[in-house]
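Paired with subunit B in one complex and with subunit C in the other, subunit A is shared by the two complexes that follow.
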Partner chain A sequence: MASTIASRRLFHEYKLLTSNPPDGITAGPVSEDDIFLWEALIQGPDGTPFEGGIFPAELKFPKDYPLNPPSMRFTSEVWHPNVYPTGLVCISILHAPGDDPNHYEKASERWSPIQSVEKILISVMSMLAEPNDESPANIEAAKMWRDRREEFERVVREGVRRSLGVS
Partner chain B sequence: MDSSFDVPDPSDWLETPVSQLAPVEQALRCQVCKDFFDTPMITSCSHTFCSLCIRRCLTNDGRCPTCRAQDQEMKLRPNSIVQELVDAFQTARPVILQLGKDAKASRDSGGRGKKRKVDDTDFEEDEEDEEDEEDEGVENTRSERRKTRSQCKSHSTSHEMIMAQAVDDDKDGDFQPDNALRKKLSDLGIPNGGPRALLIRRHTEWINLVNANCDSRRPRTKRELLHELDVWDKTQGRQILNSSSGGVSSSSVMNKDFDGAAWAASHDNEFQSLIARARGKAKPKTEDAGGTDQPDVPAPDHASGNGSRPDESSLSKAHTEGINHLPLPNGVNDHLSPNDQAPPMQASFVDLEAEG
Partner chain C sequence: MSDQQQTLSIPSLLLLAAFTALTIRYFFFTKPSTTTPRANPRGANPADVEQVVTMFPQIGRREIIWDLQRNGGSIAATTERILARGGLDAPPLSFQPPIPASATPSTAGTSPGQMKPAHVDLITRYNLSSKISSPLSTPSDGTGTGSQRGSQTQTWSNNKNERQALLQRRREEMILNARKKLEEKERQQLGQRT
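Entry: the complex of A and B
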């Protein structure tokens, strides 16, 4: 198949991510056959209950990337106000300017073709550290985060330990 | 996939002694496609992108990707100095990169002291040689450029005509009935098969390709552009086909060839449960004493504008008919009288169609 703008751009991003990776983040295509499906590993940010955890996720890119953003789904359990129970990540940078499912996001925070996989993953990492409870994807987790912070942190830490197989 | 993972990129400089060139190269690349600028155009907010990239972005959401200011294709202007910078840099790139790699290799292998000195002088000699070559290279591209520019002038009139016509077509593109649209596409000499959504997007893509080609100093032939369009059809076009047949987006419901019956059939369970829930909610208000589990209690008419009291069967029929005609998002049904349900929905459907 001839290479398209989308796949060339993804090659560029992959190369940049491997040659100059940001701290705590790795990402790349699952296989050479399909540049539109990536997997990523995000380290839990230090000083948060997610610390010590490694969170795998998959990114699916549309064929008109970078006009439209990819979707991102954690493939392991993540208890977080902005992560749906299915693992789907709900964060403004992953929403195209045209669609605002929650009617609160500023256009400047949303997807634009100059954003990148790297910026998405960095945003998701900071989202882990600072949940946004204005429009929770996981309402239970949001309530717990707001009202019972200690319990929230305990649940997250237990999840991290389970995912590492140490409990 | 024929393209390898190894694409030239600013990070190539990082492992050479001239890593300062990485940001220089970064600045010569388009932020949308990450390639060197191809026919750079500047927006009214002073950001520069490839002609095709910015045209695609603007037809997608009408905003500058960098600052999100609204902009129009008509306001784009060529940024010709950037094209010259890119051309010159691309000519020089392999030479300087090789120099940098050689210098690093000799630095790595060479020891310190005397030997190093010898290496350094070698390197300097090399550099001078290369500089000479480079100068020639620049001279060559300059003369080539003069040539292409004059060639371009002879091309430009015919190309601009295509542009004017293409832009004209775009104005009413959204409102044409399918047949006229199909004819327009075949008149333009591009494929005209597929559902309406795909036709419109394909037309937009073609106009972007043609207009970007008009901007280019090295215009491509129509055959090459058609090949580009074919690639688009096989990737993005297919994606549009899938999303419109899968009924994923709400806009697919507004499609003329939307299959209401199939939609109703595939979502039957959801509609039934919604109906059941709506009935369950409605009952307690009028039938205070009535149990909530009796399915044969007539539905209340508080939502009905005409005051008529529909019986159970007509309510159920109206729901089903309404669904068959046009599924609407949850909640819309609540505001309509069960009796009047199908007609107003159809009317609003027609209205929306007419507005495009």
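Entry: the complex of A and C
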């Protein structure tokens, strides 16, 4: 029962995202046979070292969506303080209201059923532009971002070029 | 008194015998059996890996080993995934399986310094190499073809397969446009320098 609600809601969100896609975002189920697994492409925000890059990510939805948030994982290389080396994205909108191990996130920033895939993707896009070094998921990247900004930007730009096969 | 001791000592003798047996077994018989099991305790079968590599030479061995390991060594499942998604998930950085020296991909370590997972670029992953038009002939992003105009207006279809195809096309366009833009930018920068 819960999973029919979830798939209906996901289908609805898919339709909205497709008919009226936000700038620089393409998202949808990998295959409609499994509406709980999506792939999203996020364009790197302009004016940041991520500019011009396309970052694919995988979203996995729980069967009780939208009560609980999906998990999101970049499937390409993303050198960023809030992205684990495995690609897993760590931002507050992806955290259920209940679990806040660090107690720094406001409840309003966290996941709730009134949020949506679109909001997640937009938040992730702005996370790319503005890392949050309060909760580094990639310690090395966070240190580099803080102390050696130029090197950080160079590494990110190189990643962008490599991912688009331009060398 | 001695009767009581007698009754106690039979089970304890048995226990002692069992303990000794286990100890002897532990010291003398388990060693060979613990060293022999599979050479790679949680690795994928190298023969399976080879089979997938021959089918999809563009996919890195590391990704293949990772995927096989996660799905319990099913070649069919890995193949299915590659066909369906055009590639495999990148394994975490900490995952460094022993890869035969001859087989290490030439793309590894293209950039110095940072940790570099051997990611497949998007062009390879989405199988777009045939769709990269020659950079000089199309200087601005694809406004040429009529079908692309059409896709701008029609994004949603009530037919499941059509929807899937439309989404696929939007993904491809996004990647190809990004690549074109980047190439153009590079050319401009080169032009400025010379």
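By our rule, the second predicted complex is superposed on the first by the 164 of 167 C-alpha atoms of A that agree within 3 Å, B and C clash if a C-alpha of one lies under 4 Å from a C-alpha of the other, contacts with A are read in each partner's own complex, and residues count from 1 in each chain.
Everything below uses one rule, namely that a residue touches a chain if its C-beta (ideal position, glycine included) is under 8 Å from a C-beta of that chain, and two chains touch if they have at least 3 such contacts.
From a predicted model like this one, the values you see are computed outputs, not experimental measurements.
Just checking: does A:Thr4 make contact with subunit B only, subunit C only, both, or neither of them? Give me first, second, both or neither.
A:Thr4 contacts subunit B only, not subunit C.
Pick one for A:Glu140: touches subunit B only (first), subunit C only (second), both, or neither.
So A:Glu140 only meets subunit C here.
Look at A:Leu164 in the shared chain and tell me whether it touches subunit B only, subunit C only, both, or neither; answer first, second, both or neither.
second
Under the stated touch criterion, which partner chain does A:His12 make contact with: subunit B (first), subunit C (second), both, or neither?
A:His12 sits against subunit B, while subunit C stays out of touch.
Taking the superposition on A as described, I'd like to know which of subunit B and subunit C A:Pro113 touches: first, second, both or neither.
In the superposed model, A:Pro113 contacts subunit B only, not subunit C.
Determine, under the contact definition given at the top, whether A:Leu67 touches first (subunit B), second (subunit C), both, or neither.
Touch partner of A:Leu67: subunit B, not subunit C.
Touching A:Glu32, do we find subunit B (first), subunit C (second), both, or neither?
Once the two structures are laid over each other on A, A:Glu32 reaches both partners.
May I ask you to decide whether A:Ser126 touches subunit B, subunit C, both, or neither, giving the answer as first, second, both or neither?
Neither partner.
Which residues would you name on subunit A as touching subunit B in one complex and subunit C in the other?
Looking at subunit A, the two contact sets intersect at 15, 19, 32.
Quick check: in the complex, which residue numbers of subunit B touch subunit A?
1-3, 5-7, 9-11, 14, 31-35, 53, 56-57, 60-61, 63, 65-66, 68, 231-232, 234-236, 238-239
Given the complex with subunit B, which residues does subunit A contribute to the contact?
Touching subunit B: residues 1-9, 11-16, 19-20, 32-33, 35, 62-64, 66-68, 96-98, 107-108, 112-114 of subunit A.
Report the residues of subunit C in contact with subunit A in the complex, numbered from low to high.
Where subunit C meets subunit A, its residues are 84-85, 89-90, 92-94, 110-111, 113-117, 119, 121-125, 155-156, 160, 163-164, 166-167, 170-171, 174-175, 178-179, 181-183, 185-186.
Would you tell me which residues of subunit A are touching subunit C in their complex?
Listed in rising order, the residues are 15, 18-19, 21, 26, 28, 30-32, 39, 41, 43, 52-54, 56, 58, 75-77, 79, 85-87, 140, 155, 158, 160-167.
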